[in-house]
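Both of the next two complexes hold chain A, though its partner changes from chain B to chain C.
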Partner chain A sequence: MATIIYISLAFLLIFCVMAVMSHSLLKSAIYLALASATLGVILYVLGAYWAAVIEVSVCSGLITVIFISAISLSKIKKEEVQKLYSDKKRMWFLPVMLIVVGVALIVLALANDLSLTNTAEKVTEDFREIFWNTRQADIIGQIVTILIGGIAVFVLFRDDEDKK
Partner chain B sequence: MNYLNYAGEAFLLIPLSAIFLNNICNKRFIEKHFHILTGAVALLQMIAAVFAFYIMDANQMLNFDFSVFGSSKITGIELFDINPVSLVFLFCIGMVAFVSVMISIRTIDVKKGSYVNLLMTLLIGMNGMVMVSDLFSLYVFLDVIGISSFVMIAMFRSRKGLEGSIKYLIISEIASIFILMGLSFISMKTGSLSFKDIGRNLLTNTFELQTILIYAAIILMIAGFSIKAGIVPFHSWLPDAHQSADTSISVLLSGIVIKIAGIYGIYVLTNIFGGIKAYQVSLAGLGIISVVVGALLAACQSHFKRIVAYSSVSQMGYILLGLSTGSTLGIVGAVAHVFSHAAFKSTLFTNAAAIHEQTGTLEIDEMGGLQSRMPVTAFSSTIAFLSTAGIPPFAGFWSKLLIVMALWGSGNQILAGFALCASILTSAYFLRLQKKVFFGKTPEHLSSVTEVTGSIKFAEILLTAVTCIVGVLFPLIIIFLHSRGLI
Partner chain C sequence: MLNFQTIMLFVGFLMIIAGCYCMIRTYHMLKIIIGIEVAMKAVTMFLILAGYMNGHMGLAQAYVITAIVIEVIVAVVFAGVTIGLYKKYGNMDIRNLTELKG
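Now for the complex of A and B:
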């Protein structure tokens, strides 16, 4: 189990770095989807089946569809984006630093003999029960976060009335 | 305890209802009366905090845990929790939000509906953060605060605002990642993120738990919350964000957001890890550096809001010094300084709004002699400055005195001496500010300037009264709280 997790973590790191380093928005969205899918695998192996399903279906599936739809609707052409980045140097120290940190964390984990406990097996309550009666504060916080996302899009991307 | 449950629910439900009302009402009606809605929410928040405090005192309670929206309460699981300290924070949130609304009446001309929405989400984030009893829930509400603040800074889409907001977003998210990593390490070692469970585990398994992972978690979380609080050396985002935002938003950021997102987080950590010596030393080190460097940087600035922003960096250091002692006196001093800082920093930002409104500038080199033309602003600014510098009998004096006494009592005499000397630095940069803005010769282009009127003037008078009254009554308040067993 630990081997699958460590391999998945390495892939997760690679996909996340590629999502940040890519000059193509479309490729970034796809790398992000792959990162979410890998995270889903880790959650599944750890026994958090509900979290894994939500991660894969929502983060890897639905959000990627929204991203790709938004990118295809945007008017900026691929050539324009490439031109915008053509004179900018890529900061390759970022992936190098991340790999160093990743290796350090794995060494730390191995040195401390961190056991990976299957916490999901201990949970016997109903899913709804856990969601609302034990993690209610998180749910409220998440709802408000989504609300702010909506407000942010409205405030930051809508043309001002006075400009019209 | 139904009344306490209602009061607790009110802190989340009232802002949510205000968002609902704001968006279903006629747009023109809201644009015209937005201040009534937001002002009422802020006032209700203060009333609810005082009411809850009264009920808890009457029932000799030190904390009350509850759930919202009528969900069934499971024994042993605390969803939300209110206690005297969280009520002080909740009152401060209401007070600063009220001041922000007073300023916004004069400074915000467009996007009033969006301001209402964002102020309410920010209130929910801050209220939620001080009421949760679990580190992960605290992180969720911390992100609500971060995203709301980012959108508020950027909402008018000025070049400076967008630059400040992007800086804030990136640094704030880095802080969130640090905090999340810290939470993960704690969860790995203790198996729970509930404040009480972690504290209990630390008490019972002291030797086992004080491993490298727990220390790594403490370092990451102190760094994360210090970034949010603008503590030196994590302060670079703060002056830019505060300067670039509208003054009604700057007052929120400096007056309360950095305290809730940063200082309250460190307060929670102090309750859990306060007994660990390395933790105390780290806080004391960060605190004293912040006090001195913040004051020195404030002395070098020429923009009114930047001086006040750097002053916040310095004052956050005092709060950290109080918390670093881990003693009751130090924590009381830190919480008292949160309140007094909220009052005098809000006054100074209200002064900034008044001056900008009347002169069109906040560059102190372009001002002078405004004392005779803006007497109320000059007077309230002087009171706020005296309170910031810790001059008796204002609120800032008592809170700083408690912090210095706590430092002395815990054997940190050198730090206590530094904290006292830094007050001289505070006086120096505020004297420079007062001299440049309110005294000397009035430049030609400011000869027709008159005193600000309306809501800003009202806020100036109100906050000055709070600073004076709390200052005079402070010893009595402390004696009362002590006699009731609340501290």
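Now for the complex of A and C:
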């Protein structure tokens, strides 16, 4: 189990850095989808099956579709983005900073013998029981959030239609 | 020797740094959403890691699903604002937002 998690964590970090550093918005969206899929693997291996399924389907699928729709509606060329925002000059610093911080964290943890350990025995919990009964307020909050998001998108696109 | 929980904590921390760096250093609105998404992935991983360590994986999954719903709504609304910005100014530079009135 630990080997799969180590490999997935390496891929997750690489995909996230590539999503941030890529000069093409389309490639960034695809790297983000790959990062979501990799996170889904980690969640599944850790035993969070429902969260893994929703992470892969929603974050890796729906959000990528939203990004690609926004990119296709904008029709901005890659060269224009690079020229306008000069990401190439700005983003080289990120990998160096991540390597330095990562090495510093590992050295600090090894020097001080810091290591996270499981604090309790695994409790057998039924996810459906918790989600639908114990955390009912969360469901109401989610419904309200989805409605607000729908109304916000409707308002944003309605202004454009009124002008026509 | 570091165990995988500690390594997950460090990787999540690095992901948050990458996301914040993306949000700070770029003016492109879609790139800013990508930075937010990267940081949210780290938060999702932290929640599941906390559930795994405490043994309450069901509760952690409920929180993660709520976080994913909020993540999607944020992405949708930001994408809508981005398209509106593009239609008004012809680019997605977030500095244009300072010129809006009202």
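Everything that follows uses one rule, which is that the second predicted complex is superposed on the first by the 95 of 164 C-alpha atoms of A that agree within 3 Å, B and C clash if a C-alpha of one lies under 4 Å from a C-alpha of the other, contacts with A are read in each partner's own complex, and residues count from 1 in each chain.
Operating definition for what follows: a contact is a pair of C-beta atoms (placed from the backbone, for glycine too) under 8 Å apart; a residue touches a chain by one contact, two chains touch by 3 or more.
Keep in mind that what you see is a predicted model, and the values were worked out from it rather than measured.
Of the two partner chains placed by the overlay, neither chain B nor chain C lies in contact with A:Leu26.
With both structures placed on the common chain, the touch criterion links A:Ala152 to chain B and to chain C.
When the two complexes are superposed, the chain touching more residues of chain A, out of chain B and chain C, is C.
Contact with neither chain B nor chain C is seen for A:Ile68 once the two complexes are overlaid on the shared chain.
In the superposition on chain A, A:Ile140 makes contact with chain B only, not with chain C. Where the contact sets of chain A with chain B and with chain C meet, they give residues 114, 134-135, 138, 141-142, 145, 148-149, 152, 156, 160. Those residues of chain C that touch chain A in the complex are listed here as 2-11, 13-15, 17-19, 21-22, 25-28, 30-31, 33-35, 37-38, 41, 44-45, 48-49, 51-66, 68-73, 75-77, 79-84, 86-87, 91-93. The residues of chain A lying in touch with chain C in their complex are 2, 5-6, 9, 12-13, 16-17, 19-20, 25, 28-29, 32, 35-36, 39, 42-43, 46-48, 50-51, 54-55, 58-59, 62-63, 66-67, 69-71, 73-74, 76, 81, 84-85, 87, 90-91, 93-94, 97-98, 101-102, 105-106, 109-110, 114-123, 125-127, 129-131, 134-135, 138, 141-142, 145-146, 148-149, 152-153, 156-157, 159-160.
Put simply, chain B touches chain A in their complex at residues 12, 19, 67-69, 71-72, 74, 77, 79-80, 110-111, 114, 117-118, 121, 124-125, 128, 132, 134, 136-137, 140-141, 143-144, 147-148, 150-151, 154-155, 157, 188, 211-213. On chain A, the positions that touch chain B within their shared complex are 108, 112, 114, 132-138, 140-142, 144-145, 147-149, 151-152, 154-156, 160-162.
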